[in-house]
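Which chain is which? They are A, B, C and D, in the order written, and residues in each are numbered from 1.
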Amino acid sequence: MTKSRLEAFSDGVIAIIITIMVLELKVPGDASLTALYYDLRLKFACYLLSFVYLAIYWNNHHHMLHSTRRVNGAILWANMHLLFWLSLVPFVTGWVGETDFARGPTVMYGVVMLLAAIAYYILQRSILRAEGPDSLLARAIGRDLKGKLSPVFYLLAIPAAFVSPWISGAIFAIVALIWLVPDRRIERAIEQHPQ
Amino acid sequence: MTKSRLEAFSDGVIAIIITIMVLELKVPGDASLTALYYDLRLKFACYLLSFVYLAIYWNNHHHMLHSTRRVNGAILWANMHLLFWLSLVPFVTGWVGETDFARGPTVMYGVVMLLAAIAYYILQRSILRAEGPDSLLARAIGRDLKGKLSPVFYLLAIPAAFVSPWISGAIFAIVALIWLVPDRRIERAIEQHPQ
Amino acid sequence: MTKSRLEAFSDGVIAIIITIMVLELKVPGDASLTALYYDLRLKFACYLLSFVYLAIYWNNHHHMLHSTRRVNGAILWANMHLLFWLSLVPFVTGWVGETDFARGPTVMYGVVMLLAAIAYYILQRSILRAEGPDSLLARAIGRDLKGKLSPVFYLLAIPAAFVSPWISGAIFAIVALIWLVPDRRIERAIEQHPQ
Amino acid sequence: MTKSRLEAFSDGVIAIIITIMVLELKVPGDASLTALYYDLRLKFACYLLSFVYLAIYWNNHHHMLHSTRRVNGAILWANMHLLFWLSLVPFVTGWVGETDFARGPTVMYGVVMLLAAIAYYILQRSILRAEGPDSLLARAIGRDLKGKLSPVFYLLAIPAAFVSPWISGAIFAIVALIWLVPDRRIERAIEQHPQ
């Protein structure tokens, strides 16, 4: 019960974050397609990137909580902490888009992504502590290579923006691609150990 | 469980998309009813059209997932892909409304609708692949005439905007009407084969 | 199942409508409390009125669907039709508030409320048709005095705005108060006939 | 059933309130990190404070309704009353942020927080009246020290803003910290008396 309401609340918040981002895509003043192209090219690329990131977070969050049996106060607050950093994604997305991947906004994009990744890691640890080392989730996560690599990539992307924000953008895109590659670990573990 | 959370998330996103569109209807500066009429006539028509489209998508999505028994990673991502294109509906609706059905915005409206229709088709294929050819859903969809006709109409509406955006607008309205005509196929199939 | 997803979608849309209205309350330019008072007095009164109306709609919608056993295509679309008119509430609320209850906006507020009330009535008829005349809902609704009186009040409020928008405002407030008075009909009927 | 829909609606509204607050964080005109720092320092602090407050409200609301067995009309409306005051949080947060904790906005922030705390108290009384004095919830709440202290703190913070808004800000932060300290009363009571 507690778990299903936590899922519902998180779903709601992530659904709203992913959708209100579109409000940052300001309608171009001009009605021409060329205006759209020059105005929105980068804003759109940034929108797509953040949409994919948030979809990955929802997807992982969903799988993680699927294998969770009970929720305590520490998990509730670790989850709120994650939602806090995710709630800043529309802000940094809008800033990066508006300034065409300028240095400052790109740095902040990386910082928010890094803090969200750390918050996700803390949430995962809180759940694992409640579930125990032999739990379905512990087996499913295993070494968690992707989860450990992502913050390293963000830590590279932040200083890289001082060389060129395009390098950072490329790193962000690579992280998204790594996560998009189907990760059958948890799915497989669940199938092998049906509840 | 996975399915119900996917439904909840999709419901949330579609509910938000359909509702934040109203934020694009800017309050007229003047307090007179004639100002409202001249300012908002076309914006309102466009709002209504997009509202109906999104309601149809929700309705079809709902029926399709009702007949789905299990959800895998491919379905999750095909669903996200559909939500991505639908999330752009408020943007193109606002642009078309602001420019009184100018050519460029009308073309983009058609492009977003076309890509959403293709995304819906991909989602349907992913579900059918998981459910199998003899599934309730496969029987319910049958030849799927409407689903196959809609992209053709959008493909006509896009170049038609270069002749006159009004032709495109008429085509969009026709597609909406085709879908509004009650489609009892799936409902009937479900009634005949109660789960 | 269909019913619970319809409830979830309607809850989502009404929750979003009731919440994004606050975005129409623009922060005053000045930081003084007197600026707030003169700027926002009427905007706030209008916000409160619309909040109460939407809360009443949610409440009635909730009770009505609670007594509904099955949902068909006609009910789905009658529900969408209701949500459409409700989705325009933030727009008219913002317009009335911005123009300090000017005549045109007040007329439009009444028109949207009238159309929402009619849409609610249509939805109720669609459900009653599916449930049958001896259903729990039919008994619970009974003569439905409030439901029949509200449109009459709105029909009075619309022309009254041409005399003085304050009369219309008073009528809107009276309708809200009529509904706020606890209506134990449905609750009592449910208690007497537990499912 | 009624209870779960009330929870879903409240979750939806709180999720939207907590998320649309980010729309008040306007993207800085400049692309530099120093502009971000000077522009947004206080806005961000205020955003964080309101986020924590809303998260606490969700958390407490969730625990309170978890121990509730049935919902009546009085509870439904007491809940709407609470949601009304919470819906004004983005407005006062934006105003305080925009004016860098000016006196007037800080006073209003305190007033909204006070009224929300009173609304929460009324909701709690309504539920306790329905549940009875020997209910699980009554035992779990006990003396409710935090709930009784919070309004006192807000009552201090409001006049304190006329001396210095920083004192009020400090008081708001202290109240948030008091609530963040894990409160195991309800959790423990539930564990001892599993339903």
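Following the convention adopted for this analysis, contacts are C-beta pairs under 8 Å (C-beta built on N, C-alpha and C of every residue); 3 or more make two chains touch, one makes a residue touch a chain.
Predicted model, so just to flag it, every value in this text is computed and none were measured.
Under half of the residue numbers at the interface between copies chain A and chain B are found on both sides, making the touching surfaces mostly different. Work out the mean CA point of chain B and of chain D, and you get 37 Å between them.
Separating the CA-averaged centres of chain B and chain C is a span of 26 Å. Across the assembly, chain B contributes 8, 12, 16, 20, 23 as residues in contact with two or more other chains.
Chain contacts here close into one cycle, and each chain has exactly two touching partners. Inter-chain contacts, as defined above, occur between A-B, A-D, B-C, C-D.
Every residue of chain D that touches chain C in the complex is listed here, in rising order: 1-2, 5, 8-9, 12-13, 16-17, 20, 23-24, 72-74, 76-77, 80, 83-84, 87-88, 90-91, 94-95, 98-99, 102-105, 107-108. Interface residues of chain B facing chain C in the complex, by the touch rule stated above, are 7-8, 11-12, 14-16, 18-23, 25, 27-28, 31-33, 35-36, 48, 51, 55, 58-59, 62, 66, 180, 182-184, 187.
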